[in-house]
């Protein structure tokens, strides 16, 4: 009938028989009353770091922007198309999102490209090269450090990129105002693909692992 | 320690105790050998249409770009930042993706905004207004059609937007070449949040529902 | 009788009534037949990172050098006193040590001093300043990185210092020869005081956390 | 993953499940607020005389320098690296240590080497030979005493070495000043591995055994 990938059709059948079947009412309500997600996640396109999977979130919870290396460009009210800024504007102004999470991860290919001093453009358009220029100053300084291992440089830039996105988020007037009022909270996280660990940015910009042993509320009951 | 949303921490704990615990080895291998996703999905940020959920895909399968209304801008090799083009370039040139799926959905807020003739900019930057201008000609023509219901106009533009993204995908030289060689396949799908139905674009650009009753391969066995 | 610190006398009484009482025979045998430690540990003087505590080792197991920031100077066969080189020589030539572990740790005061560009000498002798000059080039390069947090710089230099000590260990001819023969193994570890985590240096010089869930032999039975 | 000695991994696991688990909060506080050890111990590298074990001290209590034969070289403000002087400077100037304990022990291999008139250098660098030259005059005189047994000569030099380190400690101006003010206390101890006995140096330089039967304060309550 169509050459639609069999793997995706089979997966969709699993969804219909499983999750959708269990949450039929939730989907119907979400369709009728509209989405009211509690969190905007700015994540990477990487196939190993889907926010819904890592935060075990269901339909209606996360409004998700995904681009290479989870970047937010600075506020630039020009005449260009801005995919990320448009999503941010929609999340803040229409959906009244209360939390923004910038989620980076280990082994990020975009960060790896940014750290490669001999990188050739991937195509004549050099879109990755231009996109990663958002972290170029940090990339150059980190790459020039001859005492760190390549893996340490990579992790360092992955974390810089998260902090950089957060700095840029705060150049948007609406974000600034809401955060100052205390009605918007911005967070950074870094996901370690190889160990499954989630590191959360603290007030000083450092990444630490949350204590998960405490009496956390059950996911279904916790309010956001 | 941090004011990280409790809902997300609780969800992450579920992930660690559940999915990650079951797939520990898969994550480790994916970290060590790198990702090799079979499909690039261009999806909407909407919290009700996560591709990994709808296609029941695990880590390493889908490289996912998400922006408002799942749009691909045309090839523009200028000096600007292009989040979507950068992700496309990386998926094609580095990851050697074989399938691209543009996935739209019903009740799309971006499409709704594009269809509102009286819409004011959401903020002084008017990022959504500029972003949705990628489908403005179609939006104006559809909105002016006084014989369709508002719901029909919405669905119509949602599907136009998918076809439009596919047209723009084909303005990228690398996509053009690979598709002509038969080593790249481009698909469109539209997800109906209220019923859970997935509609797949056929060769003529029409959206039809796949027959799922046949002997589909099991998701675990299906090759991509 | 003496003004010997009461805290130490009380601790010693605990030792006599507890550990010594339990291991009386072991001490006697160790006194008569001499020590035969399996590992030389080069650790920091820091009061929070005692190797015997962290590796839960009893009498006779670890030959331990402790200096500020767990450093090994390079091989310099001059006429000076070299505390660390003398201990290394004794461990290798007399005790026939098979393992050397350089053990660093978080929040290291010596490393912190090395990263302080405005640091004044602590005393006219400036012994810390001279001692930390063993990692000065790395300290300067890391400190000049304006994108990392101070905590990230500190951790980075702590790990560089461990690798640096290992590089210097290998300038000692006896270490070189034995390692090439496979009869000497050199390891690096970094202890996180705040979490208790031990990170172990891998073949590329990166620090990773060991998997402790596997069927490790019981400490009493494990051979070194 | 790594060939890290299994004995140490198993010991570390014991530490995590035992001591660390019991003292988690103490480690966390020590990490956050920094160490404030009450005593600097200058001890030998010998695997049978770990100060934390013999004084039953926990994390944060003892700042420990360990070198062969627990020696302190005299104050020499030259341009060389001085491991021991650097640690002393840091303990006094930064940590404001109030007590210094020089801790020797029986069956000391470094002392034994110093007493061997026919000793060949252990390696071309002869680091032990140079290091032990700090007690050479005493070693030669004691060794030439034909009326003492070899065991008596060994114990005699072990105790001379402790007194010698204390004399050298007092060549450091900062130590001199603080001791004269009464805000720094210097002690010598000698640990007998075969019997577990601790001998404490008295005001005349003699080593005597403390009376432990009296109403010593409990270790947990004793103030330093």
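Letters are used for the chains, namely A, B, C and D, taken in the order the chains are written, and counting of residues starts over at 1 for each.
Assume contacts are C-beta pairs under 8 Å (C-beta built on N, C-alpha and C of every residue); 3 or more make two chains touch, one makes a residue touch a chain.
Keep in mind it's a predicted model, so treat the numbers as computed, not measured.
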Groups of chains joined by contact, in the absence of chain A: B | C, D
Separation of chain A from chain C, taking each centre as the mean of its C-alpha atoms, in whole Å: 39
Between chain C and chain B, distance of the C-alpha-averaged centres to the nearest whole Å: 53
Length of the line joining the C-alpha centres of chain B and chain D, rounded to whole Å: 67
Sites on chain C at which at least two other chains make contact: 195
Category of the chain touch graph - line, ring, star, complete, other: line
Chains touching one another, given as label pairs in label order: A-B, A-C, C-D
Complex interface listing, chain A residues touching chain C: 137-138, 141-142, 144-152, 156, 159-160, 163, 195, 204-206, 209
Chain B partner contacts - residues on chain A that touch it in the complex: 1-16, 18-20, 24, 27-28, 30-32, 34-35, 37-39, 45-50, 52-68, 71, 73, 75, 77, 79-95, 99, 101, 106-107, 109-110, 113, 122-128, 130-134, 172-174, 185, 187, 189, 192-196, 198, 200-203, 208, 210-212, 216-219, 222-224
